[in-house]
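Notes follow once the structure below has been shown.
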Amino acid sequence: MQYLSLTLLIFLPLIGALIIWGPWFAHNEVKIRRFAKGFGGVIFIYSLFFLAFFNPAKEGFQFEQTLTLPGGKPWLEPLGSNFALGVDGISLLLIVLTTFLVLLALIASKYSITKRHKFYYSMIFLLQTAILGVFAAKDLFLFIIFWEIELIPMYFLISVWGSGRKEYSAMKFILYTFAGSIFMLAAILAIVYYNYLQTGIFTFDLTTYTYMKAFAYPTLLGILAFLGFFIAFAVKLPVVPFHTWLPDAHVDAPTPVSMLLAGILLKMGGYGLIRMNLQIMPEIMQILAPLVIILGVINILYAAIVATAQQDLKKLVAYSSVSHMGIVLLGLGAMNVAGVSGAVFQMVAHGVISAGLFMIVGVIYLRTHTRQIPELGGLGQNSPKIMYFAMIIALGSLGLPLLIGFAAETLAFYGAFTSNVFSGFSLFDVYIPVSIQILTAIAIIGVIFTAVYILWMFQRVFWGNIFHKWRKFHDASPHEMVVLISLILVIVVFGLNPTGMTDIFGPTVSSLMKLI
Amino acid sequence: MEQFLEFFVENAGAIAALPLWAFLIIVFGQNLGVYDNKKITAWITCTSTFIGLIWSVCILFWTFGAEEPFSKNITWLSAGNIELSAGWLIDNLAAMMLLVVTGVSLLIQVYSHGYMEKDDGYHRFFSYLNLFNFSMLGLVLSSNLFQIYIFWELVGVSSYLLIGFWFRRPSAAHAATKAFIINRIGDFGLLVGIIAFLFFSINWWAASGNIYLGFTSLQPAAEYVLTAAGPVVYCLIALAIFCGPIAKSAQFPLHTWLPDAMEGPTPISALIHAATMVAAGVFLIARAYPIFEASPCVMTTIAWIGAITAFITATIAITQYDLKKTLAYSTCSQLGYMVMAMGAGAYAAGLFHLMTHAFFKAMLFLCSGAVIHGLNDQQDMRYMGGLRKHMPVVAYTYLIGCFAISGILLSGFWSKEEIFAGLYGNNMTLLTIGLIVAFITSFYMFRSYFLAFENEYRGHAHPHDAPKVMTIPLILLAIPSVFIGFLLSGKFHLPSFDKYILSGHEASAHAGHHESLMLPVVSLLIALAGLLTAAYLYHDRFKALRESVKITADNIIKTAKPFYSLTTNLWYIDKLYYCFIDNIFLPVCEFAANFDKFVIDGIVNFIGVKTRFEGWFLRQFQTGQLQTYLAILFSGLVGLTLIFVALNLFM
Amino acid sequence: MSWEEILIKLFNVELTHYIVLSAVLFCIGIVGLIVCRNVIRVLMSIEILLSAVNINFVAFANYTDLGDLKGQVFAIFIMAVAAAEAAIGLAILLALYRNKPSVDTEEFKELRG
Amino acid sequence: MELITQIKDVLLPESVMVLFILLTAILSFLLGSQKQNFIFYVSLTGVALALVSLSFADYTVEKQALWGSYVSDYFTFVFRIIILVGTAFTLFLTKDYVENFGRSKAEFYFLLLTASLGGMLLCGANDLVMVFIALETLSIASFALCGYTKLDKLSNEAALKYLTFGAAASAAMLYGFSFIYGITAQTNLGAIAGLLSTYEINSVLIIAFLLILAGFGFKISAAPFQAWAPDVYEGAPIPVAAYLSVVSKTAGFAVLIRFMTLIFPEAAIFSVILATIAVITMTAGNLMAMGQQNIRRLMAYSSIAHAGYILLGLAILTGEGITAMTFYLITYLFMNFGVWAAIELFALATGKDNIDDYSGLGIKYRYFSFGFVLCLLSLAGIPITAGFFSKFYLFKAVALAGFWYMPVLIIALINTVVALFYYMRIIKVIYLKPPAEIRHEHVFKIAFPVKAVMAVCVIGVITLGIFATPVIEESRVITVKQDQKVAVSR
């Protein structure tokens, strides 16, 4: 038990990055890749130990750790923040998801990465450190640090190995997310300052703001801080008005990077919403629940409609992620245990499924060097394996029962429908009796649109008679098989018995909901 | 004996688990290259279904003895106040359905072994078949509304896979996608209905202690919801739940996918699109009957939708030249019958018709499969004719099917008679529609018989007889199609199907029987009339008579031009949907995509460009001219002083 | 009003006159800086500016701080520094002239944008 | 004799500098033109000795010298350290840049030391006259430094612009001083502070404040007074540009802090003035840097933007603000010299300043570009670099100053986003574009002093990032004393 230190888990990838990047490491590609995959595997197994020793029933944070300067003083004492790490049900789940997807991305980057390997693998590991840091940070300031460190490696990953207008979309990605994070910075400073005024202690420690409710703030400040947080996470989660960076970033990123981008980075937005908006300011969430729910519904329907009209395969999958993350928003807006656990489950489910979808798109792109759906046709003819993997993953994203997507969507929809957050809201002091039930019913229409664009894509790409130029479309190679099969295993296993997953984050969510 | 049957009921889940195991064995067997022989796959599938059949027979015997239904559940998904469980529920309805499903699918599997012999996707076909069996049996066994929704979608997926079995054919691919999307629309309604029902009754379930949305305690829950939600909202919820069966059983607005589903192999059309899956809709209505029963307005809508479907699809079937399409439309109209019966309160009659229909419709489809197989994939009746000489067994079984379906003395007659009896009681207009549809049914069935099997052979392929492995299932299916109706009609103190089914539902036993003898005679006469008109118009023996009287099929078509064009264009429903998609849905998506690309992205880029422009604009002041710098210095200074002195004086 | 009072009134000079004078001189210096194109004139107008400040200092010393006249000390320092600036200015101008034989500020516009 | 004691405990560093200035002047005549680079080592020892002497004196108690016109307390101690370290870095940078100076190499060091002397005096100046004189020594020396490469037209033009702008600004400052002198009839800052505290704020005081602000605004290149910066940074030799961007800016801020905490009472109007100027400076600096192609001009605009951020620390008129400013200046010293060292190294190697010429550096010169990118990221304020912590600490101070400053904070944050854009543009060119041919490859091998400076700065940026607490503690101590002073003199 005592070997499980969160700091080691977080900085292990950084060590890996430094080992690879340093001059002492060989320049030949195969050795680098083998080391990277091995190291990724070690990190994944190490994170599994955390999962094994994690005891879901215990409230609050576990594996807590605080690093102090040699003199025993907290790390940034004048700033009132210390290097505090802690994990609870939700963040541990996302950590394991991160390490799992990074391992798969490393395996999948055998074909799509052809130049500057040392730089690539060190950037992937740096990205992993940043993301693990975000999930494990127990201190608001630390949360921001890791949140912004993640920008640089992602920028390089998209712009150096990407395709098409990669510089434009990489720059757009970094500026968009950074602009989002400054609102979060302002919001954090506001509530920390208000706490300082009330209690005289200037601290960034998360627990002072969450589990202890000694924090009565005026609603105006609360709403502004809430919106500050919400904007930052809306950019990351892509909520509709702020989502335009996602299709560009996905289309231009190489396959493993877009697997990570869709698999993990979007979850940081969702995780932030839970940790900051739901835990710190539940009353404000109660007031602004109509806004959150309506945005969730728009997210689901609008993105699904736009996805139907896409010609580019990756753009379609990108918009499908936007639509799926709308369900997370819906679940969170419901403010009850079922809704929030549905949102958390959906985050994990979408992580696995979208990684699978992008892998499939990557497999196709590798062989045909085109992502335009009209140019692809009948690929299933002489590559049945790819077709079946694609089918299982596509059906998973469709929300087919006995696959992971279904349980998540059910919880979210059931939770949202049965929540009594609001039965109507007033917009410019005109009372609109549209209750959360009606909004959820509208959101469920998204189920049809998802079916429309996914099946139509599947039919145009895989079925029908094969185009002459794709007749040499060979079947899945061992590398791709490993990645796809492991993803499908997770999709099917946690689809069959979702309690396996809900046991981990269930108690945390219910204890969180008790606070509200 | 009791414990012996107890064992079977205790783990009835095995019935559904067997096909799943078969599916896994075949899939992994194939992919890992364990075996390649077709016989093994056939044996695995047939044995699993055969054991299932035996199992359901034992369960049937158990139900004779049992008083109240047996149920066993585990919690599948729970969070906060929501406790969703899965398990199985065995009662008379389930026993009956189990028997029908396992029986028909066993025979069809034997038949399809012959049918698919030469197809290279043989193993794939059987794995899909097993997947379908698993989901169908799961659906039949499921114990609550949530679980039935799970298997509801799984059945939809397996039908999608099977329709799109020959996915290389674009039309099959399109039909599969269309089927799944339309089913999905139905599922949406069902999901919303279930969740809304749960929402209003959640504290009742929590208090009542038994599993959420369980079928056994649906009656009190429905009353509670009625009081909680008020009649209007309750009616909406019930209608939403009814959306599921509309899509699945191809009722009026969403029936267009069934005829296109004929793209799949014929055994599939027989199994899924005739006997089992489409019946799932009616099964759900039966299961959720207390919900519908509680609000009269829903019952009437159900009845009327059933009637409309029956009428429309019957008229379309008249003018079809494709053999399988005719049978598909006839399935739609028979399903319309069942739904109409259920809607009108004749709960048992609808189910009875469901059972009999499963047998003879499966047989008809298998016959058509044999015919098509024989004429190597020729489906158009205009190139058939006189096949009775080449395929006697197929022809006679087809004839039996026609008699059964049109309600002449064989099983169809009894179930239809019960439906008419049920209708007679409370709704005369529906009864008249029912009788008209009965006439049309017998007309187009015998028309297809005469076109395909009578007169002389018009096609150019030389037909050969169906092999033994295909004819035996036909014969086996013919037996129940002939006798089952009479055996279970309850006349002359034979076992009565109604009493068996209704024993579980005391509440709905009020459907009284008017023992007037007149109704069966009338329905029989109508059916015979249909037969005679078909014979007159299509049989060669009356050719001379037709010429002399100048009333032939062609000039009827010419005279009833509008009616004819209406039916051939499938009442323009399909065209309506396609025009909606092409002119409304896709343009909206296009507009949304462009809106997203140009407007939202445009704003983002505009902000970028704006800041760069501001930068450029400010840089214009750096002219490099010394004087301008000093001008900036002093004008800045003067400006600041003016502003702040004024500000100070003002404050 | 005898002419003595007129003379006293005429030549009676208070502090405000000096401040006004220095302000005027300051403005002349500024205008000189901005308007003149010739670098030497620019250097000269800097001198005018500094002299305006000198007047101000001396005036304040005389009228408010008669004790130790710190203003005048300041004025002397200013003159010293002004001289240094003029020297450096002319040196730089010389170097400029060697590169490009012109004194007009319009010529020296390469550094811009 | 009183002078001896004053030199011993207060003016020791300054006197060491004077000694070495004279030494370099004499040596530059004695030694022939070919042995000029010996002077570098002399001046280096001079600066080192000054630093050492700085640490002798005990700075907990505040001591006056030169009849009250020079004060040396903890505040001046820290700022003098920054100035001396900055001068040392500049010396290292000039070691390799010296070939471009034509014949007279030695005078450069002489002028540099005099400028640093002026800067040090400015930090401790406690009398209007001393402030003026120290400021002018610093300015005039840097005018000369700026025009040092006589043969290069641009450097002359830059010197001319710098001179005229500087002279005009200091004239305005003097004009402001005269009014202050007029009101209080005192030139000693302590005395003025005593009088002004009871003085009702009228428009004369505001005009005087703005005029003084013109002089110091020129020095720190704040908003309306920053027009000179781009041309001078582009024209002047690179070490001088680096020197101006760090040392003269730090001196300017030192005297501005002293004025704000001492003389001008903590009235809302002053904080509003400073806040508006800070916001205008930030936004103007960042926006103008957006489309910039020449890297030295870009660095000029970025230094204007950073002046805006630091000024924000002053605008909130709290002890926290001044601590944040001091810490920011310390990190700014390392960040800026790191980037300027990289620019010089590249300029020596290729002689070109355009950003596009930097293409493809990341591929061949991995460590050079790693250091360069790290400093740029630190300037942009990306975490784990000192830049992020100093910016964050500044924003924390602004947030702590009350909710009135929240809009100003939001504007500052938006500016960081704009700043990130033009720093990333450089990083993009370095890592994404194909490598361009570099004429003098060997420079990267042999330019040890510049590489040393860069290495020290990169290490500084990282350690200040991670171990920010001790440095903040150190810079915090100033304000406690500062507050006491403010409290005492009130």
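Note that the chains take the letters A, B, C and D in the order they are written out, and that residue 1 is the start of every chain.
Simple rule for what comes next: a residue touches a chain if its C-beta (ideal position, glycine included) is under 8 Å from a C-beta of that chain, and two chains touch if they have at least 3 such contacts.
Bear in mind that the values here come from a model prediction, so they are computed numbers and not experimental data.
Note on interfaces B-D and B-C: more C-beta pairs are in contact across B-D.
Remark: chain B and chain D have CA centroids separated by 79 Å (rounded to whole angstrom).
Rounded to whole angstrom, the centroid-to-centroid distance between chain B and chain C, based on C-alpha atoms, equals 99 Å. Each chain gets one centre point, the mean of its Cα atoms, and the points for chain A and chain B are 38 Å apart. Mean C-alpha position of chain A lies 67 Å from that of chain C. Within chain B, residues 619, 622, 624, 626, 630, 634 each touch two or more of the remaining chains.
Residue positions of chain A with contacts to 2 or more other chains are 175.
Annotation for chain D: residues 160-161, 164, 168, 172, 230-231, 421 touch two or more other chains. Applying the touch definition to every pair of chains gives A-B, A-D, B-C, B-D, C-D.
Interface of chain D with chain C (complex): residues 128-129, 132-133, 136, 140, 143-144, 147, 150-151, 153-154, 156-161, 163-164, 167-168, 171-172, 174-175, 177-179, 181-182, 185-187, 230-231, 234-235, 294, 297. Those residues of chain D lying in contact with chain A across their complex are 323, 363, 377, 382-384, 388-389, 392-393, 395-396, 399-400, 403, 406, 409-410, 413-414, 416-417, 420-421, 424, 428, 431-432, 467-469, 472-473, 476. The residues of chain A lying in touch with chain D in their complex are 69, 73-79, 116, 141, 144-146, 148-149, 151-152, 155-156, 159-160, 167, 170-171, 174-175, 178-179, 182-183, 185-186, 189-190, 192-193, 196, 202, 221.
Listing the residues of chain C that touch chain D in their complex gives 19, 22, 26, 29-30, 33, 39, 42-43, 46, 49-50, 52-53, 56-57, 60, 64-65, 70-71, 73-74, 77-78, 81, 84-85, 88-89, 91-93, 95-96, 98-100, 108, 110-113.
Within the complex formed with chain B, the chain A residues making contact are 172, 175-176, 240-241, 243-245, 302, 305-306, 308-310, 336-338, 341-342, 378, 380-381, 385, 395, 400-402, 406-407, 410-411, 413-415, 417-418, 437, 440-441, 444-445, 447-448, 451-452, 455-456, 458-459, 462-466, 497-499, 502, 506, 509-510, 513.
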